[in-house]
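Think of it as A, B and C in the order they're written, each chain with its own count starting at 1.
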Amino acid sequence: MSILDKPKVSSRSIPNPKKSLITRLHMGTGTVVGIIFAALTYYGLKSIYVTYTDKVADPMTTHNNNIILLGAMFAWSVGFLVGIGAFIGPWRWLIGKDLTDEEILYMAGDGQGKKRYFKYCTDHKVVGLQYLVGVMTLLGVGGMMAMMIRTNLARPGAHFVTPTVYNSLVGLHGITMIIAMIIVATGPFGNYIMPIMIGAYDMAFPRLNALSWWVLFTAIPVLCSAWFLGGIPTGWTAYAPLSIQAGPGMNAFLATIIIFAVSTAVAGMNVTTTVVAMRTKGMKWNRVPIFVIGSTISVALAIPAFPTFMAAMVMTSLDRTFNTGFFDANMGGSGWLYSNLFWIMGHPEVYVILIPGVAILMEMAPVFVRKPLFSYNAAILGFAGIAGLSILVWAHHMYMAGWSPALNGPFMVTTEMISIPTGLLFLVLIGTLWRGKPWMKLPMLSIMAFIWDFLIGGVTGIYLSDVPADSYLHGSMFVTAHFHFTLMGAALTGAIGGLAYWYPKMTGRMLNERAGYISFWLVQIGFNVIFFGMFMVGAEGQPRRVVDYAALYKNSNMVSTVGAYSVGIGMIILLWAVIHSWTKGVVAPMNPWGAKTLEWTVPYPVPLTNFDELPIITSDPYGYGKGK
Amino acid sequence: MADHSAEEMAPTPGERITGFFKRKDVARTTILFVAWTTLFIVLGLVFYPKWMPIVMSKEMKSAESIMIWFTVISAPIAGIVLAVTTNAFLDMHRGDTPPPDGPAIRTNGPIVAIWTIGSLLFALVAIVWGLLEVNSQAVAAGNDAKSAITIEVTGAQWLWTFKYPAQGIETHDLNLPVGVPVVFNVKSADVNHSFWPVQLGVKIDANAQVTTVTRTTPTMIGPIEVKCAELCGLYHAYMETNGAVMSKTDFNAWVVAQGGHTS
Amino acid sequence: METSTQNQVSGGKHLTSAITFLFLGVAIVATVGFTLHKVSADPQAKMYATTNGTINYNGQNLKHAFITEGVYPEPIASKAHGASGGSHLNWPSYGPATHLVLPAHAYVTMTLHVYDSGEKLNTNYFAKVVGTVGSTATFDGASAGSILATEVQHTFTLHGIPTSTQDPLFVNVPLPRVVADDKGNNIPTNDPGTNKSGHTVVFSFVTGGAGEYVWNCEYPCGDGTYAKFGAVMGSTGYMSGKVSVING
């Protein structure tokens, strides 16, 4: 049976393959088996590797502590996946007793009601909602840490937390939000909406889809464990050799990334294959919705980029466990090796974050202005140009590293060039707005907020990309403000707009409008207050990632903190709206926005295989306007 | 009459342009464009110089200039983007049903072309400006090499120390003579730090594996601050120290007071 | 399609639910904040310098303040981590406090009783005595301006962020190691005043106006991690702390 065949749906009987293990496995069994694997590994390794205790004063035994912790963390992840049944499919295939049709249907969640959200369910819609909850959790945890950071910075003197706690807050806030922003658009919407949008029954690899979510899920407790292991002294960039010097908490960070890299690799393969191979009849490339194109380009960029991050984390782990010396100058290693590997991932990664966010906004713009998307081709060229160029710019993060001053010039050229395809994205959006009457709903507000936020982010990026200005601005709060404007402004704003837009299709209800507006304004105004204050102190000379600062920066920091509380309250209100409207919101019609993409042609609840008959496409979905 | 009517009714290019700007949305967008562009120009010309520290070297001046003038140059682009957006915002349609469809504009070849070429030109201006500046700093480095004071900067967790080999002193404050080129050879005793004498506008990371170099010439007498610009662990925030640019006489007196010699 | 009347009718219920949720959210964030704040409290009680008389320094009559600290190879002896010694029994520690409070505009004489072994500094600068009166300290009674950079057990290095609201203050005093390597022998069984198997370092410096500063040790006495500056060196309450200079 090929992936393109329509799966058989038994219309009468609910699949309940008796004697099949998969009916008894779920999150709970996964957790139990995960803990058992972790404990066995922990105590097993402990008996082999003597740890640094008061009985053995040999300082090299700190490495053994890292071996034990890393081993236990990976064992937890593998154990959880075993316990939830992730490997049953491949195992049965290996031993020649492939899954039966009934078992496959069962794994797709047919007839299990709400329980399927807690199981290894292959239905892309289930995976999409699981990702949504996961993203909201990460945003909540990361956002809480941001509140702590800003509370500490409200006054000089480090009165709120110690430097150890503060540095951990900064580093863990960073990595939590980066992970959240990478998956915020492609996770919930790339999974739930995209296959329906291209007229497919499901994704190309449904079991890998479930795998990508549950692998990510196992990384979340690992990340949180950093707090109980003493935190981390590095930022989210985890520069070596500080990361080699770091305490046990660093292992949690390293393990999280290594696990997360598996999740994104799997998800990336799935999305690209699905879009390339499973578009419905008539959906030629120039009729594909821009959101699908953007998501595909984004994950296609992620596939080569993230492995270098994983490699850097593996090498850091090896330095910390088996004393390999990749990044230790005393052993012939170099911190620059780490920086290069990291930023070869790090720069494409911010475009992995940006592109889906913008693609969502471009998808919504025609719907809310009732005009075609302006220059669809420019949009595609913009995304493709950004993706292509992004691989060539990484060392602009290293202008001041001293690594290769001769390369500063070439990297400056490539970095400035990225402003050209980025400019095309702006043109597409304002061209769509021009001469239209915007329908003032939350998606439209998000588009306008993005334009403001990303414009500021982009212009400030131009200063940073110029070497002589960067020699002042690098490592200051100016950089922090710049990337918050670009990342939050694009990914978060785009995702919130997308959530309001697709909420009716994912939950059958409309998101509470008034709460949405209140949240929007609190967040956007607060956000601008925080980061304008931060541009100021950065230009005035406050370094970044500092627990304390000179009196000169006092007032702006207090202003930034007030802005942060506004964002916090706004996000809590949004969270309320999402949860409350899920069950008590106004029931939504099938196509509340009058949009033309395929997901609005299916009812809610969306049937298991999305369509009874796959649709045939004859035009792109932007046929708005008088005098087509 | 039929023969002439087509020529009489077709507008001249001049009429077409004035007609375009008389349209309500275009007129409003133009006013918004002027407002937003002015705002950005003011941001660049007024606020950046206000915020940034005292300029005490050519490199600092260069950094400040870039921030000011790139803002001014990008002001019209920001102006157009924001003008179109705010114009649309002012035209908003409220209610539970969508507004009527707008014109079916799929693309506009000339606009896309102008926009792309415009961005290319802007990028080129930024690139050429930056490359010229980088080059002039490299040339200055070459010219000043012989007359420069060398200072060996060591970043340790969590303090800066400065060794002046020619003067035979080692201190934790950075004092420099005005008008004399200075070359900083920077190294770390442990993890990555970043040497940042703020008012001098230069910066270079301190690494353990290799000595890195940056240079400048202080042009004004006054206090300077040296900060660490790379998170280096527990007391990264406290890895700051004072310094000053002094007259040559004062500098020599200070060197002698530290137990060194002036050559 | 549903109209907005339903929203108006149950608007009151929505509002209550939203406000309750908001309070709950703020309460959770506040609880987390409060917990982090508590965890960040000074690991030991502050130690105040005692003022005793005045002293003439550079023509000025300054308050003469005295403060005594110790540096121990094991935390139990430091009395800074409780009777059990805390969770890191291998970590050397200053004691009995790491947050020192000194009077402003005073002549402060600090006595350090030090008991640990040691080796080579990462940065030789810190083997020099800097910022003290006369740029010297007395080591077991003998005055010197530096010690050998290869025979250091710890340093007392006091510094702060240069800022407009306080005077700068910088002091660095290297502490000579105790030669016997067996840590067991170096734990004083009596009060530090007995000088048992340790060294006594005494130095004086003058404080400026009120301000907040930090101090940390610059000798890499961490574990086997990179540059031996990890573990104990990267934690507060052992080899690093605060100095508050207060008025009155």
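Couple of notes before you dig in:
Please note the rule applied: a contact is a pair of C-beta atoms (placed from the backbone, for glycine too) under 8 Å apart; a residue touches a chain by one contact, two chains touch by 3 or more.
Small disclaimer: the values here were computed from a predicted structure and weren't measured.
In terms of C-beta pairs in contact, the better-connected of the chain pairs B-C and A-B is A-B.
The greatest centre-to-centre distance from chain B, using averaged C-alpha positions, is reached by C. Rounded to whole angstrom units, the spacing between the C-alpha centres of chain B and chain C is 38. The geometric centre of chain A is 30 Å away from that of chain B, both derived from CA atoms. Residue positions 1, 161-162, 226-227, 229, 234-236 of chain C each touch two or more of the other chains.
With touch defined as above, residues shared between interfaces to two or more other chains in chain B number as follows: 190-191, 208, 225, 233-235, 237-238, 240. Contact with two or more other chains is made by residues 163-164, 233, 241-242, 245, 548-550 of chain A. Residue ranges of chain A in contact with chain C, taken from their complex: 52-54, 57-63, 144, 147-148, 151, 156-157, 160-165, 169, 230, 233, 241-242, 244-247, 328, 510, 512-515, 548-552, 568-569, 572-573, 575-577, 579-580, 584, 586-587, 589, 592. Residues of chain B touching chain C in their complex: 96, 154, 156-159, 161, 163, 170, 172, 189-191, 208, 225, 233-235, 237-238, 240-242. Those residues of chain C lying in contact with chain B across their complex are 1, 3-4, 122-123, 125-126, 128, 130, 157, 159-162, 168, 170, 172, 214, 216, 218, 220, 226-227, 229, 233-236, 240. Chain contact summary for the complex, chain C toward chain A: residues 1-2, 6-7, 10, 14, 17-18, 21-22, 25-26, 28-29, 32-33, 36-37, 39-40, 89-90, 161-165, 183, 212, 222-231, 234-236.
Considering their complex, residues 25, 40, 48, 51-53, 59-60, 62-64, 66-67, 70-71, 74, 77-78, 80-82, 84-85, 88-89, 91-95, 98-108, 111-112, 115-116, 118-120, 122-123, 126-127, 129-131, 133-134, 137, 186, 190-192, 194, 196, 198, 201-205, 207-210, 212-214, 225, 227-238, 240 of chain B touch chain A.
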